[in-house]
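Input: structures, listed below.
Two complexes follow with chain A in common, the first pairing it with chain B and the second with chain C.
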Partner chain A sequence: MDKILEKKSLTNWLKKLTGYDVYAPVLKDDLWNYEIISDGDNLELDYLNTVQAPKKFIFPQVENLLDFGSSDEGTPEITETLPQPNPTVILGVRPCDGKAVILQDLVFGGEFTDPYYWNRRNATYLVGLTCNTPPSPNCFCTSVDGSPHSQEGLDILLTDLGTKYFVEALTDKGRKLVSAGQALFKAPTAKDKKDLEQVKTGSEKKIKRQIKNLKKVPPKLKDMFDSPLWDEEAMSCLRCGICTFLCPTCHCFDISDEVTSSLPLKGHRIRTWDTCQFPDFTMHSSGHNPRPDKASRLRQRMLHKFQYFVEIHKKYQCTGCGRCVSLCPVGIDIIEVLDKVRDYG
Partner chain B sequence: MVNLDELKKEAKRVLEDGKVKYVIGYVKSKASNMAAPAFVTDPEEIENLIWDPTCVQNLTKFIVDEKKRKAQQKKPDTRPVAVVSKGCDSRAINVLLQEKYIERDDVFILGVACEDLGVIDEKKLAQKLKGKRFGELTFDDKKNVVATTTDGTVKVPVKEVLAERCVECQANTPLIYDVFLGEEDRRKPDAPFASVEKMESLSNKERGAFWQEQLSKCVRCYACRSTCPMCYCDECVVDTINFAVTPDTTAQEKALRIKWIERASTKSENFGYHLVRAIHLVGRCIDCGECERVCPLDIPIRFLNKKLEKTAKELFDYEPGMDTEKPALVASFKDEDPEEFIR
Partner chain C sequence: MAENVYIPKLAKIIEIKDEVEGARAIRTFRTQFLEDGFTHDCGQCAMLSIFGKGESMISISSSPLEKDYLQFSILKSGRVTSSIHALQEGDILGVRGPYGNSFPIKKWKGKNLIFIGGGIGLAPIWSVLQTALKHKENYGKLSLFYGARTSKDIVYKEDLEEIRKDIAVHLSIDQEEPDWNEFVGFVPVNVLDKKPSPKDAIAITCGPPIMIKFVITNLEALGFKDDQIYTTVENKMKCGIGKCGRCNIGNHYVCKDGPVYSWAELKKLPQEY
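Entry: the complex of A and B
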């Protein structure tokens, strides 16, 4: 379903979305982040990409899995705490981050579906925005089978056409949001459609960074487990979690029990983000660590995204958002590393 | 001005002489406008080294890394590593020496003077360019940063975009070195604690609200800890299982290990983490400001350390890393030490 929404009507549309929590990118302390929008009056969808991907709405950093305790008689009691979130609209999702949600779905769906994830996922409406110009100098979506106007994972894709948005409602959820705005949406003219195509084609050409022949990388990685390349590339790594915690597709987690009272026993079992970049991620209880150094951990990040995930799901586990490149304190550049892998040997 | 050719010559000399294992310096990064650390073993590659106000990282961290790496190797190469070191970074080396974490022979210091400049703060620069996207940064001989933007080039005096830590810097010239490059021009800042004094002028309630908001942003990526040359502990209080486990550690010992700070990145646990870290840096933090620069969520962590630095200065007239002859602050006491705060 294709529609046109005048920019000045955006606020009116959001006002009609009663019953939804609406989040949009807001600039605070020089950083773009999703904040809840109460009226949307000062909303301008002219933002660089948010520092944190919308993944945090669907796969939050801390998820309470269950509460535990013991009754007065001492019998253990366990209460499952499945989230029941309000319907939530995330406005202004970059196409790379929309696609990332599809990749997360593969992990939390499939053979073992994760109800905590899906309760949030099903309540989340993703309204994307085409990147007419790349929001980061390190964008490389076109190299990983994506595009600045990709529709994957989104319920609606908005494209800025100057004074109006071209609105493509892509799913039932998207169409539901559009119908809430009823008369605000007009049918597109032939010219609008032509403009849309032009903007979309133009947007791809503006992506500056690219990895040529990425398809050569996954087979190559298979033979590079013991390569000295990892030692060289990881020399400057600080072993922090920026690249993975801010990655829209990284999904590793840890489960721990947090006791709030010992008598009577009370506490929560929580799931928190974890990262392969922390030394304790693979620490065995014996004290042995199979990934003992930062080279093996950098290798893991590359192999998971560009070999294992490709083998299992036939997709790269990277959407080219560029966050890990731009935010790495020491300039470790996934594009450069993959270039070296491709040309190695 | 530091003569870059001179720096390269010295670096190449120690490398070719086999005097050092490798040289830690700065190179241009493809990924960012700031420099990237480089580890040069091939004398030919010394050519790539740079020295300019984008050289933000405190390379002293990598001396700590080298020590840890050597500890894992059966037959480590015991030659020193050479490191390009700014004034603040050299203070960090001093603290490591003072704490006997490293030996003087472990490191060959190529000291570089910042003179009247320092390093730039990318965010300040971005504000100057009023949201224009900038590509390459270069520096002219009049001490301007020249940024290539989508609408041509923009010149901004480096001084206007200096990192706050450089504005308040107390050691723009290296304090310890084997080779010294540049002019020795020890400037004293007019107000070394201006930023934290501004914070102190707020009421308790205002400060409380400020930190509640700031620390609730923390995602516990631990980049602040990871980049800090003083955070060299093998065992950190925030890591649930990163304590020294030996084959003799029993399951019960592991289970009973107290978790001082929980894994959840909730406000209270984030406060726990940041305050524990700050307290452990009293008399040790040399204000390289890297913790704040690397924070992806722009939490102004430097305030915490600066406040404690100021307190140590006021109470004990102690400045970390300035004088290695003095005993470390927390490892010494004098009869005349003030104790009004012990109640």
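Entry: the complex of A and C
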């Protein structure tokens, strides 16, 4: 369903979304982050990209898996704590971050369905915004089968056409949101459609960074497990893990118990984001560690995203958002590493 | 609604046996579910919970033919396993699972089965051994190689004496001891010394990673083919269902796609375990 929404009507549309929590990118202390919009006035979608992907709305950094306690006789008692979130609209999702949700779906679905993830996922409405110009100098979505106007994972894709948005409602959820603002949306004219195509084509050409022939990388990685390249590339790594915490597709987590009262016993079993870049991520209690050094951990990040995930799901586990490149404190650049892999030997 | 995969079932400890004393103590726990439980296959694991301490993935060492209890032999090592060691008979713990694949015992009909364990590594292959012993008619000759650091580190001592009546048991310890009449030396050396025949045989091994490595080398030297050697791998695990991301070896999650591998399968994966 294609529509046109005048920019000046954006606020009015959001006001009609009663019953939804609406989040949009807000600039605070030089950083764009999603914040709840209680009053949509003055909202302008002129942000770059948010520091954190909207991943946290569906897979929060801390999730309560269960509460535990004990009866008077000391028998453990478990209370299930499945989240029941309000319907939540995330406005202004970049197409790379929308696509990342599809990759997360593959991880949290499958043989063992993760109910915490899906309760949040099903309550989340993703309204995307085409990147008419790249929001980061390190954007490389077009190298990883994405595009600045990709619709994957989104319920609605908005494209800025100057004074108005071209609105593509892509799913039932998206159509429901558009219906809520019915009269505000008009049918697109032939010119609108032509403008849309022009903006979309133009947007792809503006992406500066590229990994040429990425297709050659996954089979090549298979033979590079013992390559000295990993040592060289990991030399400067501080093992801070920021590359994975900011990654919209990284899904690794820890599970631990948090005790709030010892007598009687009370507490929560929580799931928290974790990272393959930390030494104790894989360390056995014996002290043995299958990935004992920075090189093996950097290799795991690269191989997971560009070999193992491809072997399992036939997709790269990377959407080219560029966050790990821009925000690595020592300048480890996934694009450069993959270029080296492709050209290695 | 589908069952919540993260919620453990409650089970009561009905029996505790001290296997090994000291800093590397090993105890065997038998548990019974309070309500509905689950059935498992040989080689599968379960995630045990002590509420307030956390979870730990442990091999189920009892045979699936044993319907009255699940058995876990646990080396006291980290926070969770130390807390389990502090439990008494009658105490309740959480159990979720079963997780992972299993030994393909149906394919082993008529084969000679050679079990090779080291230390606590006897526990993960014990379920297969017990199952084979209960259905001896389905298999050829059964034998067991088992070694520990010292005679005090040997687990299942009474059971080993018991099964000796039925099958060949080759014990070993790493260094000489006054009253020790059996092999002295590492498990892989004992295997090479006794020279089990690869003809119609399957070797099933588990122990410390270094032991497994040399057992495989020595079995190959004796003429065993890659698909005649099976092992079970362990890695640090949190979820048990292939999502938390830490137990992978290449594109395999050990919790879900393992822990049981033939050497033919395992050698194709990156050597990172």
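Throughout what follows, the second predicted complex is superposed on the first by the 345 of 345 C-alpha atoms of A that agree within 3 Å, B and C clash if a C-alpha of one lies under 4 Å from a C-alpha of the other, contacts with A are read in each partner's own complex, and residues count from 1 in each chain.
As a working rule, contacts are C-beta pairs under 8 Å (C-beta built on N, C-alpha and C of every residue); 3 or more make two chains touch, one makes a residue touch a chain.
Not measured: the values here are computed from a predicted model.
J.: Return first, second, both or neither, reflecting whether A:Ser326 touches chain B, chain C, both chains, or no partner chain.
T.: Touch status of A:Ser326: first partner only.
J.: Which of the two partners, first being chain B and second being chain C, lies in contact with A:His304: first, second, both, or neither?
T.: So A:His304 only meets chain C here.
J.: Where does A:Pro115 make contact in the superposed view: on chain B (first), on chain C (second), on both, or on neither?
T.: A:Pro115 contacts chain C only, not chain B.
J.: Is A:Ser286 touching anything from chain B or chain C once the two structures are fitted on A? First, second, both or neither.
T.: In the superposition, A:Ser286 contacts both chain B and chain C.
J.: Where does A:Asp223 make contact in the superposed view: on chain B (first), on chain C (second), on both, or on neither?
T.: It touches nothing on chain B or chain C.
J.: Is A:Glu44 touching the first partner chain B, the second partner chain C, both, or neither of them?
T.: The answer is neither, since A:Glu44 touches no partner chain.
J.: Examine A:Asp30 and indicate which partner it touches, taking first as chain B and second as chain C; both and neither are also allowed.
T.: First partner only, chain B.
J.: Which partner does A:Asp343 contact after superposing on A: first (chain B), second (chain C), both, neither?
T.: neither
J.: Give one of first, second, both or neither to describe whether A:Ser256 is in contact with chain B, with chain C, with both, or with none.
T.: Both partners, chain B and chain C.
J.: Jot down the residues of chain A that show up as touching in both complexes, chain B in one and chain C in the other.
T.: Correct list for chain A: 254, 256, 283, 285-286.
J.: Of all residues in chain B, which touch chain A in the complex?
T.: Residues in contact with chain A: 29-32, 34-39, 57, 61-62, 69, 72, 123, 126-127, 133, 135, 219-223, 225-227, 239-242, 245-247, 249, 251, 254, 259, 262-266, 290, 293-294, 296-298.
J.: What part of chain C is in contact with chain A in the complex they form?
T.: Touching chain A from chain C are residues 1-2, 4-8, 10, 51-55, 77-78, 81, 92-94, 209, 234-236, 238-239, 241-251, 256, 270, 272-273.
J.: Any idea which chain A residues touch chain C in the complex?
T.: 65-66, 68, 70, 74-76, 78, 80, 82, 107-108, 110-116, 225, 251-257, 259, 262, 265, 267, 269, 274, 276, 281-286, 288, 290-291, 296, 300, 303-304, 307-309, 311-312
J.: Quick check on the complex: what are the chain A residues that touch chain B?
T.: Touch residues, chain A against chain B: 29-31, 51-52, 61-62, 137-138, 235-236, 238-242, 245-246, 254, 256, 258, 270, 272-273, 275, 278-280, 283, 285-287, 292-293, 325-333, 335-336.
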